[in-house]
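This report refers to the structure that appears directly beneath it.
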Amino acid sequence: MAKLIRFGVSLEEELLKKFDSLLHRKRYTNRSEAIRDLIREDLVRQEWQGDGEISGAITLIYDHHKRELLEKITDIQHHYQKAIISTQHIHLDHHNCLEIIAVKGDAKKAQELADTLRSIKGVKHGTLSMSSTGRNLA
Amino acid sequence: MAKLIRFGVSLEEELLKKFDSLLHRKRYTNRSEAIRDLIREDLVRQEWQGDGEISGAITLIYDHHKRELLEKITDIQHHYQKAIISTQHIHLDHHNCLEIIAVKGDAKKAQELADTLRSIKGVKHGTLSMSSTGRNLA
Amino acid sequence: MAKLIRFGVSLEEELLKKFDSLLHRKRYTNRSEAIRDLIREDLVRQEWQGDGEISGAITLIYDHHKRELLEKITDIQHHYQKAIISTQHIHLDHHNCLEIIAVKGDAKKAQELADTLRSIKGVKHGTLSMSSTGRNLA
Amino acid sequence: MAKLIRFGVSLEEELLKKFDSLLHRKRYTNRSEAIRDLIREDLVRQEWQGDGEISGAITLIYDHHKRELLEKITDIQHHYQKAIISTQHIHLDHHNCLEIIAVKGDAKKAQELADTLRSIKGVKHGTLSMSSTGRNLA
């Protein structure tokens, strides 16, 4: 099991109150676990700015009836085939699709893919969730 | 001047080392100041709270070898079965998994599910991307 | 002796070449005999017809560059939206896609969806795996 | 466009009747298209018996509450990580899961993985859908 190190942190009283009520809402049982997660998130953001290998997810919302939209979205994904693990497609209703693309590899490539997809006319909304390969997180 | 409160935090030795070297690169002079900033950024992110029906994706990074972690993650998902469409699981390496959960329905429920999953000890990183269902987007 | 009926079949030249070399390896002496066996095997497979509620998967292999193929496949899936949980799309290479559709509900509906998708010109290969929903299996 | 070759086929009258009624049910509009698909399916089965690269899907039905079942299923998948693209997990009800594993690569490895997973005590049902990478199908 990993060795734990204990150290002291000083916070403004009001900030600590807000943090505690957020922890309660988020179902954390202690501050250390919450701070640990904030630190890990910060490390992940750094991985995405560096040259390391990352993983993540791109989400897209679009109307599949829009002319040639499906072709464009699929063409681009085949072009970025090496960055993509697989794509989950959910038929939300008669018109709207949610597409979730699992990505892995170079952070810049993933960012570029997300930007390219989001900029297509007809894509209503797109997000990029930056995550990690887990290897650099304790 | 704001009243400062001091409290203790426990971190895995390896995680703390990475955090310290990140602080050095970011030119922080002490851990409290860096943690204060992470907490403030988190509070800002939480201010945005979706309402109504959403669709989206939760990503999780975890080591599937951690004792009982898989059971916990799966139990919680079955409990929130109505909010979940399907889950994509990617075996990143021998230890690390990327899990992408497609969610649909009430925004608060999705937020609650994401918070519950992220707060599990052993989950290294988690994100929640909320999108609309597309119906209210032209 | 059974009455024989003769009719014409059109095949892509390349596909016919592969079929002929397969017949040669399988030691068939004419195409009619080989096609007769394929049809008989297919009839046997079709005899089993699930009933009641099932869950399962449909797989499709197709070239996403084929004109209007993507639209057709997506339109049909949106039409059968209630039978489909989600669809996993894998970019196999620059041309070929593997699409895996998770289905749930009425067996006949799933069979109908699989048949409709497979019969689309341009879909190279399709399978349907039916399973139970697990409730009636100890 | 691919060149079409036309040739004659002789079938027993009764067999042809059954085939025609099956085609009707399967929504084929002509015999050539149906025979083409039977031939392609046969070629795919041959790929799986050879040494070529294949793709396919494994489905599993299991009760995730069974002791250590989740760990076993996940451990095995991480062990066969190179053969697996991604896994779709669907929470069918409070107990039962449908897991769909997209596989790619060596046919023997995929077959071995399917057999290993199906033989685990607690897995209620498992199927292997053999498909192709599409490269050898016209």
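For clarity, chains are labelled A, B, C and D in written order, and residue numbers in each chain start from 1.
Quick note on the criterion: a contact is a pair of C-beta atoms (placed from the backbone, for glycine too) under 8 Å apart; a residue touches a chain by one contact, two chains touch by 3 or more.
The model shown is predicted, which means the values in this text are computed figures rather than measured ones.
Ranking all chains by how far their C-alpha centres lie from the centre of chain B, first place goes to C. In the Cα superposition of chain B onto chain C, the rotation angle, rounded to steps of 5, is 180 degrees. Chain B and chain C have Cα centroids lying 41 Å from one another.
Per-chain Cα centroids separate chain A from chain C by 36 Å.
A separation of 32 Å divides the Cα centre of chain A from that of chain D.
Averaged C-alpha coordinates put the centre of chain C at 10 Å from the centre of chain D.
Multi-chain contact residues of chain B (touching two or more other chains) are listed as 85-86, 88, 90, 93, 95, 97, 102. Only residues 2-16, 18-19, 22, 31-32, 35-36, 38-40, 42-43, 46, 55-57, 59, 61-63, 85-86, 88, 90, 92-93, 95-98, 100, 102, 104, 115-116, 118-119, 121, 124-135, 137-138 of chain C touch chain D when the two sit together in their complex.
Those residues of chain C that touch chain A in the complex are listed here as 64, 70-71, 74-75, 77-78, 81, 84, 86-91, 93-95, 97. Of all residues in chain D, only 85-86, 88, 102 touch chain A in the complex they form.
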